[in-house]
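Chain lettering (A, B and C) follows the sequence in which the chains are written, and residue indices restart at 1 in each chain.
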Amino acid sequence: MTIIARRLAGHAARGIVMVFAVATISFFIIRNIPGDPMAARYQKLLEQGMSPEAAERATTVMYGFMPKGTLWEQYTDYIAGLFTFDLGVSVTNPGTPVTEVLGEAAKWTVLPVLAGTLLSFLLGVVMGVYAAVKRTGKLGDLLAISGSLLHGVPQYVLALLMMAIFTTILAVLPAGGTADILFEPGFNAGYIGSLIEHATLPVLTYALASYGGWTLAMKSSVVTVLGDDFILAAELRGLKRSIVFRYVARNAILPLFTILALSLGMLFGGAIFIEKIFNYPGLGFLLLESVTNRDYALMGGAFLLITLAIVVANILADLFYTVIDPRVRSGGEVS
Amino acid sequence: MSVLLEGSTTSATMRRNFWRGVWRVMRRKPSRLAGAVILLGFAVMAVFGPMFYPEHLPRDLAAGVYAQPSAEHWFGTDGQGRDVVALVVTGSRYVLLSALVTAVVTVVLGAAIGLFAGFRRGRWDTALMRLTDMKLTIPGLPLLLVLSTIWKFGSAVEMGLLLGLLGWGAVARAVRAQTLSLRERGFIEAARGLGLSTTHIVGKELLPSMAPYVAMNMLIAVTGAVYAQVGLFFLGVLPYEADNWGVMLNLAVFGGGAMTTTAALPYMLAPLLAILLLTLGIVLVVDAMDEIFNPRLREE
Amino acid sequence: MAHPATAQAPGVRIDGLTVVYRTPAGELPAVRDVSLTLEPGSITGIVGESGSGKSTLALSLLNAVQPPGRIAAGSVEIDGLGDVARFEGERLRKARGAHIGYVFQAAQNSLNPLKTVGKQLLDLGRSHGVDDLRGLVREARELLGRMGLDGARVLDSHQHELSGGMRQRVGIMLALVLNAHLVVLDEPTTALDMITQANILRIVREVHAERGLTTLVITHDIGVVAEVADRLAVMYGGRLVEQGPTREVLGAPSHPYTRGLITAIPRLTGDIDEARALPGRPPTLVTVPKEGCVFRERCALRMDVCDTDDPAAAEHGARVVACHAVKVREHA
């Protein structure tokens, strides 16, 4: 158990450094924005007859950022804000704290990403095993090449093609949004049906975009394990094919679980294209909107949250690995 | 298997085996030759293509805007009546030039840092690899989006430079791993024992033997960079004045309404096809390289 | 003792065995026209340098030559089983493990890293239709205890928790637990320290006698063979160049290669300069001569006939030697 704790502590420490790094990047970017909107705002409030103290407070609330003071004061104030989850107020959603806007957006990212990733993971693993076992045949070749292609094609290309086929040409699926406005949001069949209908294309695109990667990763993992001595040993001991297959599968899938957790984290950031194309109001969409609208508090918050998702995914991946791999559990090294 | 060919490993025979491997792979699957041909085609298009067009593409008023494909305009016209094929050709220069810059930066930085870490080991190695790890975990696209608020990437070189600075991590890891594994096999110690200088070991022995590996990782990094920059333009966070496939995509989808009507579809499809073809080329080349250098995947 | 010695030990007759590997240069033989008899209840040692084809020969005993290799000719006749080289599918699978035990080199990871030894033992039992799994576990524990291990604890361990010597004993246990009476040990002592080596060899000898086995030991270490084997076979370039009773072969080697091997061993007592390494390098699959004697390039007794004719294996009393020079000397 102490080994798990030590690994966890290491990850947490690295995670905190990461979050700091990202917060620092955000800070410097916001501070170096051309035209310095915070100073401008502060000046404007002063001109409107506000006292300097009140104007400063108002600006700070707005941007989560002190308009005056030395670099160091501004920086410590910004970081201190992070610790109290005070990320400022979103300009595009007047009066709403950034954290609330982020929370609302996060749920539209988490569910489709999760569904799409799990779908592609299952499919990819099965196809990968097949491609590895049949790697001398035509079909295995086809699977591998199609996997490479799908893996290689950028998400937005897939998303645009899906959109062109299913909404523009065939017009069988809705072009965007989360649900039809005709339905009352809530637990009723119409709304839920509409939710599913709207989520279909984003989920399918996530699945299609990562399916190739899983196929390739599983194929190469299976090929590696098939060359391991213990598989030959199992065959020479006359183990049943089904049991040998299980040995191969379990050993081959192990490294993929780590990638699974990591890719879930990464997808939060990668969801930008798909959410933009399908007009889906998730985190990526939010980040993009905040950049376009120059809503800096929101931008910093979204960037931070996406990073945090990756850090958490890293930790989860490691924990998960510790649970399923006995070698890590007892402190041995993993090859 | 110990019975199988334990050839000598001097660099001369390695090179010979390499070309023999290339030849064998190409001969067995000619489709892989197509990959090289495609990449060459794109290079020619980017270098010479724009020379055939005036700086400001003419508007074909007779054809109109969003014209459907015809003999004159293979992929129709855009929202201003310009030929879509011409736009793809002129746009390729930005895309490929910045990809080239990214490639150079990625390889130089990645190889240098990876070699240094693998060669020095110890504290330097730990520090550099921590840094690389961290850089690999910072989400790239969101970072680019955030950076776009203060940096406009007007020129392809600037864009390539930034993407290279963000993308050397994978190559550095690969080079470090290779260096360490060569070291483990006693390669470096043996060379030292022969009285060879460090520059000689690195330049004449290490680098050549890992060049194909580096090249493969570089190609992958470059693919990512191409997608990232086209994607950034597509998202509309960068200026529309640049000639880039991403700008075409953005205008087709968000300006031409490709999501609701079929009129702008050809305009959208042309850059998509260009990206797909480029991807196909890179995938085929990487696949061929993989087969040449990774005997375990070799189909015997 | 529960197992009457030699009562069940099978004899093995390998006849004209040729194993080829497919390479870009065509099919090349790794083992060529090898004939060898394992007497019931004997321990036979096969010695050779790496690339001599000894591992391939060992795998042939289970008809388990890995692609791109295949048995091209010859038979492997095992008492009570038949010609294993003709076996396929389920029949072959059931012969492996239940009748023929194979023990991997200790440095190789022959265990599934994710499962405990005990669970893998149960997998083995289920694969071979053992009904009494409790009995199997008891037997395994006894065997491990016999080899000086804490059986219950070992069965509860993962591979990475075991030392090289322990893994080797687990390998022996898994090879014997189904009551196989033909055992192949592939480099049983390689990568082990000296004390563990001695222990493993003692265990091999004792278990062999107690359970009534026919044992084949593959090694590059003549010392190992001298320690355990009744008979010794020497391989070079895929050919069996000499075989005979261990003492005779080691005491008075006939084939120039065997002689070279023995003079190459440094002794603890005596001058280190007396040990002379064989000149040249052993051939690989690609460099092995297509015709004539495989050893002629490094041979001190090379004659013209060696360039063209591959010497046939000829019996000389209890000895079988494949060498033109040896023949000439006898006839002269």
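Worth a mention:
By definition in this document, contacts are C-beta pairs under 8 Å (C-beta built on N, C-alpha and C of every residue); 3 or more make two chains touch, one makes a residue touch a chain.
Because the structure is a prediction, the values reported are computed rather than measured.
For subunit B, the chain whose average C-alpha position is most distant is C. Counting contacting C-beta pairs between every two chains, the top pair is A-B.
Taking each chain's centre as the mean of its C-alpha atoms, subunit A lies 23 Å from subunit B. Between the Cα centres of subunit A and subunit C there is a gap of 54 Å. Note: centroid distance subunit B to subunit C, computed from Cα atoms, is 51 Å. Residue positions of subunit C with contacts to 2 or more other chains are 66. Interface residues of subunit C facing subunit A in the complex, by the touch rule stated above, are 62, 64, 66, 93-98, 102, 104, 108-115, 123-124, 126-128, 158, 160-161, 174-175.
Here subunit A touches subunit B in the complex through residues 14, 17-18, 21-22, 25-26, 29, 32-34, 135-136, 145, 148-149, 152-154, 156-157, 160-161, 163-164, 167-169, 175-176, 220, 223-224, 227, 266, 268-270, 272-273, 276-277, 284, 287-288, 291-292, 294, 296, 299, 302-303, 306-307, 310-311, 314, going by the rule given at the top. Put simply, subunit B touches subunit A in their complex at residues 130, 133-134, 137-143, 145-150, 223, 227, 230-231, 234-237, 249, 253, 258-262, 265, 268-269, 272, 275-276, 279-280, 282-283, 286-287, 296-297, 299. On subunit A, the positions that touch subunit C within their shared complex are 228-230, 232-241, 243, 247, 250-251, 254, 324-327, 330, 332.
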